[in-house]
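Note that the chains are named A, B and C in the order they appear, and that numbering of residues resets to 1 at the start of each chain.
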Amino acid sequence: MTIDVSTPVYEGPFDLLLHLILKEQVDIYEVDLSRIVDAYLGEMDRIQALDLDVATEFLLIAATLVELKTRRLLPGTADDDLDEEFAMWEERDLLLARLIECKTFKDVAQVFSRLADDADLSFPRTVGPDERFSSLMPDLLEGTSLRRFQSAAIRALTPRPEPTVDLFHVNPIRFTVAEAVAELCDELPRIGHISFRRLTADLAERLEVIVQFLAVLELFKQGLVEIDQTERFGDIDILWTGGADVDPSSVLVDAYEG
Amino acid sequence: MTDEMHDKVDDQVDDQIAEFKRAIEAVILVAHDPVPPDLLAQLIEQPIVLVEQWCEELRDEYAAQRRGFELRRVAGGFRYQTHHDQTPYVERFVLHDQKARLSGAALETLAIIAYKQPISRAQVASIRGVDPDGVIRTLQARGYIDEVARDHGPGQAVLFGTTALFLEKLGIDTVDDLPPIAEFIPSADIVEALEHGLRVSPVDEAPSFGSFSPEGDREPGH
Amino acid sequence: MTDEMHDKVDDQVDDQIAEFKRAIEAVILVAHDPVPPDLLAQLIEQPIVLVEQWCEELRDEYAAQRRGFELRRVAGGFRYQTHHDQTPYVERFVLHDQKARLSGAALETLAIIAYKQPISRAQVASIRGVDPDGVIRTLQARGYIDEVARDHGPGQAVLFGTTALFLEKLGIDTVDDLPPIAEFIPSADIVEALEHGLRVSPVDEAPSFGSFSPEGDREPGH
């Protein structure tokens, strides 16, 4: 299996569609279905070799979108066939409902991420009774089913992915230093302290990592973070020192873009 | 009864309470998992309400004394854990035990399962628009979700729910502590933007009917 | 320097010492084995003599506050343990604890040893990502594993394997009777891909893992 890192991350067709529509949210009366449909089809083109299940979902939604677009371009047909018109609306409503549901859980996921981050800051004590009590402990394997043992083995022997800081809730396409700075101003006060490797472990593209690095340097220049590298070529520790509320727009960013 | 006798009785009661609190401290210290208040109550033979109150008093004492650890109620029980501002030291100590962070896909799937449990794989798929099999397996392997029941319908689909480990991962006591799903339903302007994006009618025509109302019966979650 | 300045400096020093003591508390709380003072000294970057003094101060604080636990120096290090006069409650808890089975970590370590035996401590560590010393000692003390051989390589590392008692407890005759696991373990790149969502483009190979197949022989509910 090869991983095509040039493809941006979309968790599915709803995700893509949500992104495309909300990207245009600046002025909702400017929202242009044609452009959304084109962009959607364009993205589908880029995500070429998807597995069949996923591709089908993408296609189904593309079909609905194209149909919506046709409707809009041909206003006269509305009177011709009311049944068809209603069916269209129904389909549209269904898609809309699914989009809203998808958006709802995306927002919940952000809260989960925050809760988990906070919880990760504390380590529970799981030491158990000391040796003075070992004679009292029942046989610890008693009642352990083969199935429990099997799933422990699967759990233990499944390779672990590198720990990452997940910036999933940020737009999948994110290339400017200013955007990265804004993001870090939001994330770092909460996390407090993180290594650069962890910070960028989830980034697929080298360019994104470079942008992130420039953003960290920018924050360092502004005195908002401290940077520490204990050994040459070692990991870089980033410590937020900017306090709780930093307005990212106040952080001036030189134009690196281009 | 004289005042002095009163005081004496009070002192004895205080001493006894102090002893119960010491027992609670000892038991929670040796436990592998959060200790439910009812188990503590059973062990020291005192009412649960009192046990819960004493646990809270202990928690407050450690906080007031600025201990490096805290007593927290997590996943239905009390446990000792390190204070969050000691993370850098503890992380350095348990260097290899880096906590795995969850990916966006995993978190979204967890969110759906947490609010809609018990829920089948197919239901998750229909909400996410993608096959969740891989993510579900990962979540199950990590112990955050588990098969909790079987659907009564034909096919008897496996139904998933969240586990105690999930509660621990999020640092909450029960799923009831999660914010109500209604808080997350997209705001009117986002719904409007989506609606506009998917407008059926031609541009010059107002989308008068057939519009979707977010407050309607289609609300996601409960 | 005025007295007032003196006081201010003193306060700052006191605050710093309090912070170091909090760090010591946090680290010892999560440690499975007694923590040697030199390790603590290294972690908080302070002289050993001071660290030892602070540990003793903590010990005295807990004693003065009549906590149910104490900080004890055992086997060259510091650890928390229950106060001896709380032993009856702890014993009751240990006997009572219906969840007294191998902890998740211990069970996983045992599983690694069972499926990969003979295996060295270092190999277990590299799979688990954590130092398995304490757990291995527990498993060995329980008689589930034992030293079965020595590595031929340099250093002649001890190799561990499971015992007859282990087989007996699991109700199987030989380790060959252990349920198969290989088919359930995805490869590293697939795990990575699943964790990170759909940035995967399976070019020519259909992903067998993650396909939406009906339940089949997959694990039924627990």
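The rule we apply is simple: contacts are C-beta pairs under 8 Å (C-beta built on N, C-alpha and C of every residue); 3 or more make two chains touch, one makes a residue touch a chain.
Predicted model, so just to flag it, every value in this text is computed and none were measured.
K.L.:
Taking each chain's centre as the average of its Cα atoms, which is closest to the average over all protein Cα atoms shown?
P.N.:
If one averages C-alpha positions chain by chain, the most central is B.
K.L.:
Which chain pair has the highest count of C-beta pairs that touch?
P.N.:
Chains A-B share more contact pairs than any other pair.
K.L.:
With centres defined as the mean C-alpha position, give me the chain B-chain C separation in Å.
P.N.:
So the centroids are 24 Å from each other.
K.L.:
Nearest whole angstrom, what separates the Cα centre of chain A from the Cα centre of chain C?
P.N.:
One centre to the other, that is 31 Å.
K.L.:
For chain A and chain B, let me know how many angstrom lie between their CA-based centres, rounded off.
P.N.:
Chain centroid spacing, chain A to chain B, equals 21 Å.
K.L.:
If a residue has to touch 2 or more other chains to count, which residues of chain C qualify?
P.N.:
In chain C, residues 26, 29-31, 80-82, 90, 94, 103-104, 129, 186, 190-191, 195-198, 210-212, 219, 222 touch at least two other chains, as defined above.
K.L.:
Show the residues in chain A shared as contacts by 2 or more other chains, in ascending order.
P.N.:
9, 11-12, 51, 53-54, 123-130, 133, 151, 154-155, 158, 160-161, 164, 168, 202
K.L.:
For a test of understanding, state which residues of chain A touch chain B in their complex under the given definition.
P.N.:
Contacts found on chain A: 9, 11-15, 18, 20-22, 24-25, 28-29, 31, 33, 36, 51, 53-54, 57, 61, 65, 68, 71-73, 75, 78, 85-86, 88-89, 92-93, 95-113, 115-130, 133, 151, 154-155, 158, 160-161, 163-166, 168-169, 192-193, 202.
K.L.:
Mind listing the chain A positions that touch chain C in their complex?
P.N.:
Residue list for chain A touching chain C: 1-5, 7-12, 47-51, 53-54, 123-130, 132-134, 136-144, 146-162, 164, 168, 202, 204.
K.L.:
Applying the document's contact rule, which stretches of chain B touch chain C when the two form their complex?
P.N.:
18, 21-27, 29-33, 39, 42-44, 65-69, 80-83, 85-86, 89-90, 92-94, 96-98, 103-106, 121, 125, 130-131, 133-135, 137-138, 143, 146-150, 155, 158
K.L.:
Using the touch definition up top, name the residues of chain B that touch chain A in the complex.
P.N.:
29-34, 69-70, 72, 74, 79-85, 87-88, 90, 94, 98-105, 107-108, 110-112, 114-115, 126-131, 141-143, 168-172, 179, 181, 184-186, 189-203, 205, 210, 212, 214, 218, 220-221
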